[in-house]
Amino acid sequence: MSWLAQYNYWVVIVLMMTGFYIVIASGNLVKKLMGLTIFQTSVFILYISMGKVRGGTAPILEPDIDLYSNPLPHVLILTAIVVGIATTALGLALVVRIKESYGTVEEAEIQQKDNDQC
Amino acid sequence: MISATIVAVLVSMLLALVRAFMGPSFYDRVLAVNMFGTKTVLLIALLGFLSGRPDFLDIALIYALINFISVIAILRYFEYSNRKSSIQET
Amino acid sequence: MEGFWFVLTSVFLISGAFLIFTGAVGVLRFPDFYTRMHASSLTDTMGSGLILTGCLLLADHEWLVMAKLVMIFLFLLLTGPTANHALVKAALHSGLKPKLGAEPS
Amino acid sequence: MSVAIAVARTRDLFAATMLTGIYSLLSAGFFVVMDAVDVAFTEAAVGAGISTLLMLTTLKLTGQYESSSRPLQRIALVVISVTAGLLFYGFLDMPIFGDPAAPIHQHVAPRYIQHSAEEVGMPNIVTSVLASYRGYDTFGETVVIFTAGIGVLALLSYVRSREDVSQAALAPMQPHIILRIVSKILIPPILLFALYVQFHGDYGPGGGFQAGVIFAAAIILYAMIFGLDVTLKVVNPAVIQFLAALGVLIYASVGIVSLLSGHAFLDYSVLGHDAVHGQHWGILIVELGVGITVASVMLVIFFNFSSRVDKNQDSHS
């Protein structure tokens, strides 16, 4: 049963789909951003779990250890996390401005107001 | 021995999680989050010893710090939304 | 000597784990916020202290590791009660009454 | 995993924020199990700390509850089940978990693991890959962070009328004497710890990204307890903005120096008397630049968000 041994991917799929569901189904913009964060974290987990080597340890060299996990995904994800928070902050700033000019953060109501203006 | 402790910590994390889901009041959730954070600190310290590389206690330290800051932040933003009016009246 | 240290470490770790576990059960089972707080704050501080002491005994003379453990312990000792204090204070000010079997607000 | 589903289900956004905090702590724990200590470090500081904080601030501005209407629920379910099916099919071909023979471990990774010790001379492979082998990438990411900081500044620092600024900006937590004293005790060690993380990144988990976030977190703690006004006097926002640019500039100038000395951009080997020594200097300086930029951008973001909160509260009351 090879697909049971790939359980890390199934966890990733469930998380990713949960985030995706929030992004699509929720009308609240802040909630959408939360969904996006969950989605993002699932991608992080995907990368990190691919980098794991059975029996390996953290990639910090020590004389008496010779099996390490793959450091490359770690590097990519480390920077991705910080970039992710920066972009999330940008998104939240946009939400705040939307709230100030429309008075709401619900997608449907914003659409309504836009239609009224036209 | 370490693994037994880890199991106990994991179970109590689970219980704290249940409390965080159930609520019922806002403060119960904050309490559960705080407790969860403390458990995570212990868990990481223990995991370091289990894997035989206890050099990574920095992470546990940062957890303790972040946990404190986030509890304070939650309280600060929540409390002041209720109390701001009463302060301004006096 | 070896057996003695092993037993001592085990005692610290297991008693810490026991405290933590009872605290968690208390948080889950107690009827209102203040009793839950009581359960969590006391056991958290004491339990983590015990577990970290156990770890301290495990770290055989690696000074950096021991120093970090002591730092974590001090940090938890300072922040845990402080955070709980602030939490209770906020709850009390917001009008959450310590009543048994009260309806959750 | 179930936490994420709970996040999807709660309508109370405050509760959802707290659950995202827990979720992030959990995933950081997962990263520790997966040996990615550097990543766990970053995720703990960024995901659980700063991100929860920003979400809270935004909720303060936009209201706690979301409306219950979910018009797209049915379509969303269909879309995600189709996507999940496709992903499932795609992932069936992936190598099994923890397999040392997986293709990802075959290309550059063995080279990093085997040769970084003599080429860069640092125990922490993640740091040497981050700052040296893939220094160009990291430079790009630092610029992205800097740009995001500029974006937040452009969106939020705009002020409608001059007089409502700094009237009651984030009032200090006067009644909490215990909190004030404990924080006074804690903040210097936190700053010290941030510096330790910054300069110990060569040997253990840590580096510029994490240190910047911790440094910012200490100042944010100060701002939350003693009020934004006092903090803005201690930490001048103009200086912070200048520092954000300075960090990127430091990074870039390292690249320019190596370019001018006849090597490739960000080739550190010219900086010291031999190649490994130069690598040491280069990584140290570059990480310093990253740390400065990250810390100041985080602070810029936090200051702008929280001063927004006060302005809006004033206009409401």
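For reference, chains read A, B, C and D in written order, and residue numbers begin at 1 within each chain.
The rule we apply is simple: a contact is a pair of C-beta atoms (placed from the backbone, for glycine too) under 8 Å apart; a residue touches a chain by one contact, two chains touch by 3 or more.
Everything numeric here is computed off the predicted structure, so don't read it as measured data.
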Check your understanding: Moving only between chains that touch, what is the shortest number of steps from chain B to chain C?
Key -> 1
Point to revise | Maximum inter-chain contact count - chain pair | key: A-D
Study note, to complete from the structure: Between chain C and chain D, the Cα-mean centres are separated in Å by 29
Check your understanding: Roughly how far is chain A from chain C, going centre to centre by Cα mean, in whole Å?
Key -> 32
Study note, to complete from the structure: chain A to chain D, mean C-alpha position gap in Å, rounds to 14
Review point. Per the centroid of Cα atoms for each chain, what is the distance between chain B and chain D, given in Å?
Key: 20
Point to revise | In chain B, residues with contacts to at least two other chains | key: 23, 30, 55-56, 58, 61, 65, 67-68, 72, 78
Point to revise | Residue list for chain D, restricted to those that touch at least two other chains | key: 37, 57, 59, 179, 186, 204-205
Exercise for review: Provide the list of chain C residues touching at least two other chains, using ranges where the numbers run on.
Suggested key: 71, 75, 79, 82, 86
**Study point:** Chain pairs in mutual contact under the definition given at the outset
**Key:** A-B, A-D, B-C, B-D, C-D
Revision key, fill the gap. In their shared complex, chain B is touched by residues of chain D numbered 3, 6, 14-15, 18-19, 21-22, 25-26, 28-29, 32-33, 37, 40-41, 44-45, 48-49, 52-53, 56-57, 59-60, 171, 173, 179, 186, 190, 193, 197, 204-206, 210, 214, 217, 220-221, 224-225, 309, 313, 317
Check your understanding: Which of the residues in chain D end up touching chain A in this complex?
Key -> 1, 4-5, 7-8, 13, 16-17, 20, 23-24, 27, 30-31, 34-39, 42-43, 46-47, 50-51, 54-55, 57-59, 61-63, 66-67, 69-73, 75-77, 79-81, 83-84, 87-88, 91-92, 94, 96-100, 102, 104-105, 108-109, 112-113, 116-117, 122-126, 129-130, 134, 137-138, 141, 144-145, 148-149, 151-152, 155-156, 203-205, 209, 213, 294, 297, 301, 304-305, 308, 312
Review point. Where on chain B is chain A touching in the complex?
Key: 51, 53, 55-56
Exercise for review: Write out the stretch or stretches of chain D touching chain C in their complex.
Suggested key: 175-176, 178-179, 182, 185-186, 189
Study note, to complete from the structure: Residue positions on chain C within touch of chain D in the complex are 71, 75, 78-79, 82, 85-86, 89
